[in-house]
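What follows is a group of structures, each given as structure tokens.
Next, two complexes with chain A in common: one pairs it with chain B, the other with chain C.
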Partner chain A sequence: MSYIGSIFRRLLFFEEPKKQEQFTLKSPGQAQQGSENQSNNQPGKQSNNQSGNRPDGSLGLTNAKAVTKPNKMPAEAKPISISKPQKEQKQSPKVSKQPDEISDDINVNLEYMKNRFSIPLNCDIILREFSINYKNKLIPAFIMFFDGMTDRAIINGFILKPLMVNSIMDVKESEYNLQDFILKQLLPHNQITLESTYSKAIDKINFGSCALFADGLCVSFTADVKGWEHRGVEKPNNEIVIRGPQEGFNELLRTNTAQIRKRVKDENLIVDDIAVGKVSKTPCSMLYIKNVANESLVGEVRRRLESLNVDYMLDSGILEQLIEDSTIYPSPQMISTERPDYVSEMLVLGKVVIIVSGSPNVLVVPVTAYELMHSAEDIYVRYPYANLLRAVRYFALFLALLLPGIYIAIVNYHHEMIPTDLLIAIEAAREKVPFPSIIELLLMEISFELIREAGVRVPGPIGPTLGIIGALILGQASVAANIVSPILIIIVAVAGIGSFALPNYSLAYSIRILRFGFIILGSIAGFLGITLGLFMIGVWSTSVKSFGVPFVAPYGPRTSTKSKNTFFRAPEWKLEFRPDYLDTKKKTRQDKYSMGWKPGNGNNRG
Partner chain B sequence: MQTQGKMTFGRLEAVFLLINLICTKLFLFFPRMTVEDAGTAGWIMVVFSTLIMLIMFSIMIRLFKPFEGKDILDVAAIAGGKPLRFITGVLLASIAFFTVVISLREFSEDMKVISLPASPISFVILFFIIGMALGSFFGLEAIIRINAFVVPVIAVGYILILAGVIPNMDSDNLFPILGTGLKDIFGMGLLRVSVFFELLTIFIITPFLRDSKKIRSSSYIAFGLSSLILTIGSLAYILVFPYPSNKELFLPTYHMARLISIGRFFQRIESLFVFIWAMSALLYMTATFYLMLYIVAKTAGLKYLRPLILPFAVIVFSAAFIPQSLISVINITTGIVYKINGVAAFVFYTLIFIIANLRQKSKKGVCKN
Partner chain C sequence: MSLALALIVLFALTVITIHTISYAVWNWRNNKSGALQVFLICLVTIALPTYVYFFRT
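Moving on to the complex of A and B:
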């Protein structure tokens, strides 16, 4: 009710809009200043690309810039007992002065960690107690890790064995204290970090690390021992190409970043890790080429990612919805792709890429309307073929969006434009159909959507049955029963095929929604209604921005089209410039005469 | 490209906006009006009007030169203080309102005749009103951009119509070459400078163009192209239909499109004309409606424009029913609007610019002394 009330209030009373400046791209010179200030404020900040590049594709977030501020909220670090009421939970634990700081008393640490991980209720958390021999004294210690997320062989061979067996070996008098002894002499693992707070240690355990606590030390050693089962690098399922690489992203963040890095091969490619989600702390990587991408764009992407206040962020689909510019605009405002080669191409152009751990779909920002019609294959095939494919796709877009609407407009209002022979054929087919055209069309469109949705949800073995139902019963039988006319089935089928030909899955969704709008407009006002619909979509599109870039750039607003890759693309050697609307640091992507082998230094090109 | 700060737009975008504002009348009565005025010499009359307007506009642009980045209301404020600024604002807003109302009714009536004969006129008007209100809601930036995007498409559509009727053109229709006589060509041609009245919109959008060079070049380019399009449109109409009958056709371009037939299959493709025609109308009326709101808001010193959209849309919708019929609308447009507007606006604008120049010079003189 309050929502309805707020709508009425907005309609009746004008409220002064909040002073909130919309983000626009700044030119590289202006942005440089801002970035310098930013970097000055964060002297210790460095990119995370050197961390955790494990061959098994696991991630070592040694320098992760987590959004969460663990020290800020002591209540979060308190031991939580599910059996106790909420009020009791707020009592401070019997630990050191700062509740989140690790105690030097092993018993306090043990108790705390048991409470936090709900041991013994939680069955997949492993807690192993043992002793370390240090200067002929037995120091109590324990390790914690999640079974299934970690590699047992590494834990046994490179953590437990050195600590339990090697420590009792006759080592010459060591000058190291206990902490350095463990770190520098006992643990041979390549990724060990020291954590002084429980929350950081717990975050590491939650993400597949093994934490070691020892008596007398107020730090925890965390070793990156990720070892969960995962999918290998396979063919992309939804973006198939005939020509070009056949590798797709998978669910592992580092495998995905490695797939991009092996293609781009540039030390200026920055992989900046950001954790999103107050609870889930989902690792995300923001990729850009440092000396190409616009600084303000990079800053804006980082700002949006870091400002998210959500508990859990599980997939790039959710992230897309959280950082897009316009929520209700039908078309997607960023590219979601599972192809590393396509992402690499976008990075080279100066775009920013966001990878979410656990999601095989990678986001690319910003995007323009034309780019949604480009396919990864376009750059691999010769330019006449690419342009033919694009022309086919634009035609498919026209059919998918407007064909049913135009059909209903012509049948209802503009039948004079149908040639006589065709008009007679249509009328003969419609003679026995009892419904008006609009009902007939909506019936078929809804049936088609039902089949499509059922086709996605149906279990594999029943798939052919659905095809039979769709093709025979809804198609043939409805015509035989005079429920719909045959021409209408052709119209709906062609529009459906048109939507399948679109290279962007999200775009196809938006076209499906808009198609219904055009059907209604065409049925109530003919071509005038459809024109109004196009005008509304057009004027809306020109006001939408994707990360500061106008959605219909470079045609609305008119900017330079030197990049020669909008509606159609020029030959490869002519693609000299990066898109103007990205305001990149480097404007060109190749020399003017890129084919140095040609006589006359390219003057005789053709 | 706009990167930051206050909204500005480029030369090309301004050119497309002005071309659409000036040339939309081509889809309405304009070609027939030229024939009514000067017979088969209608196109010569357009050329003459172009030359007259060129002189008038050059004077205005020269006088406007010292006021870079200011619009006509700001210049009026320099010339006569707040009272003159208010009077100018009210006058311009009234003209824009009148233009929107008349064109809304005319477009709607024409649409009803050619496409929706069974629908009530209020229903057709409603469609245009929705488009205007929505376009204004998204603002000038969106309006300018959609113009830049769609106007070339409309131009291609119009060129296709012209190309389609080439087989129907007969050079004999041009004769007598001087039509109804020199008196009509030059006499009416002088008054018909009003067909370029919308060119003066440039003096409203100047703050968005900022640079005086850009203002000058965009207005001259738009003026040149528009006069070329109007001349070709008038000439094509005269070439296609013989003199006695071309005075009778109420929608000249539509009737030209009706003649197109390509083989046995494509014989009645004039309905496709509705797309470019309605789109052009929507762009024209949205831009005019928005500029009206902009003038009202600026004159009244309002900070925000959006609250005006709904009430003014209702007022425009209601006012569109005042004319009795399509004939009365056409009579008002051809008989009054396009006879008075141009000359009156020229006199008014020029006076304001002269006074503002004198005031500015006298102020500078005082400062020096």
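Moving on to the complex of A and C:
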């Protein structure tokens, strides 16, 4: 009962917010005061004292939760790599005292790796045993790699061949010990690392490396020989522009980071790798420009990524759900894009980008409500065109969100709002329809959603058939059968087209959900209900933050409007400032007189 | 609109108004003019629908 009472109390009475419950983005100066233990190159790098990441060092409710998690993680993560071998140790008595450390006995290593990779049950792991000739002695060795994930030609030509053939060649005796002999003399590969523990070697093998074990060595040589099949750089499928680059991200992490780096040619662009997922260890890259992005923002993104306690994280869509601020707020709180040029633009503004290996969708944080209405093309076309397009999009947003609700409100309650002739036409069309207008509208909306969902799932060749069925059955037949009125089909179709005009796919989803809410509100209370709904969404939106940035900034709260790219955008030469709400280290992105060639500007002055 | 529906809407508005007034009370120390404006909005939020539902002929 006391719990229910507390809920009612919270519903009725405003409670003073606890200080710094949520992460709030601070300016770099303020952030440095509270985070003395952060390193310069890697701001916010995980430290034991989590309050170091907080600009103010405070521990609110949210902080307290967040603080305990990262502290737990190293403690929990460690046993995962160690405890498993301990279990294996009981099974195989050969493994000696420290189970995770690689033994110098090749047979122990061989047995251990066979156990871990379930050989011969596991069919795609390749284990190749051979001998290395060292000082006229044959040293037993073996390599392990996954078939299909690695490049066989590289393994054959640059690992096996040197080890088996070139080792016979005469080298100066006793110049190198066996480890240096293999590392410096035999393996010509450019990415060789030495691992002293099984867990690290196994992680590398799982991610497309080839591991070499040799008798007498307590280390494993791992060569990066990734060579799995992948998609090339293709046109982005879901964010097509007429003017601008036509390259999209693909599923390869390094291809994606390279695509960004070739655009942002700046040594300050940091690509910071973080593995997410205790089991999957999915490589993620966090990108930011060191001398532009706010350190506390970078630290917050890192903190959220490092504190995730999940077994598997396979896509950026999953990551988005795990690190977003409000999980119940319908609108997306980060941009998901497959365009490297757009991501580069966002990086230059001072945002942080997260790339997940295996996902062509890249996340950009933080984001404001207005940026969800921006398209990548906006920056490539002249500003009057871009503004026209944005105006059309806002109109589309209005139609997609409110048109069915307004229709139902007018038809049910506000007949005086529309011209009499139109009202008579609507009523005449509705005369033979047996359902109340709300049922009629919901019927059409649900049918429309059904066709849209089926259109996504339907195999390509049958696609046009679905369009014909949709147009004929929903359009013509339902009107002819007097199930719905013709004007309602126009309303639903226009609202549907409006949702397709929105540039952000996730935003379109949220609008679809809210549209149903407005239909119900409109049918219950007319315009009053719709106004109430808009009021509630407005209040809700002002309380949401995206990585410390208020969702409706710079208008709620009102901050500097120097950045002239919110609702509409100013000409390119006038976009001198980065968004104020990002609190970037560099406030300006170009000089005041960016067009130096103009008389009176910059160098050509006078 | 039926009486029951009007009462439900007014109840929801009353809950919102009480919450908002308590916010205005909390905010009074820091921003008196803002708090006054919030009071006014609360007044209108309740008064207008009440008038529309029960007094407008």
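Convention: the second predicted complex is superposed on the first by the 522 of 606 C-alpha atoms of A that agree within 3 Å, B and C clash if a C-alpha of one lies under 4 Å from a C-alpha of the other, contacts with A are read in each partner's own complex, and residues count from 1 in each chain.
We take it that contacts are C-beta pairs under 8 Å (C-beta built on N, C-alpha and C of every residue); 3 or more make two chains touch, one makes a residue touch a chain.
Not measured: the values here are computed from a predicted model.
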May I ask you to decide whether A:583 touches chain B, chain C, both, or neither, giving the answer as first, second, both or neither?
-> first
Regarding the shared-chain residue A:543, is it in contact with chain B (first), chain C (second), both, or neither?
-> first
In the three-chain superposition, say which chain, chain B or chain C, touches more residues of chain A.
-> B
Touched partner set for A:534, first chain B, second chain C, both or neither = first
Which superposed partner A:525 touches (first chain B, second chain C, both, neither) = both
Considering only touches as defined above, state whether A:392 meets chain B (first), chain C (second), both or neither.
-> neither
Partner chain in contact with A:558 - chain B first, chain C second, else both or neither = first
Touching A:462, do we find chain B (first), chain C (second), both, or neither?
-> neither
Is A:473 contacted by the first partner chain B, the second partner chain C, both or neither?
-> neither
Chain A positions touched by chain B in one structure and by chain C in the second | 14, 16, 413, 525-526, 528-529, 532
Chain B-touching residues of chain A, taken from the complex the two chains share = 14, 16-17, 24-27, 30, 410, 413-414, 416-417, 419, 525-532, 534-536, 538-540, 542-543, 550, 552-553, 555-560, 580-581, 583
In the complex, chain C touches chain A at residues 1, 5, 9, 12-13, 15, 18-20, 22-23, 25-26, 49, 52
Complex contact set, residues of chain B against chain A | 1-4, 9-10, 12-13, 111, 115-116, 119, 123-124, 127, 130-131, 134-135, 138-139, 141-146, 148-150, 264-272, 274-275, 278-279, 282-283, 286, 303-304, 306-307
The chain A residues in contact with chain C across the complex are 11-14, 16, 413, 524-526, 528-529, 532
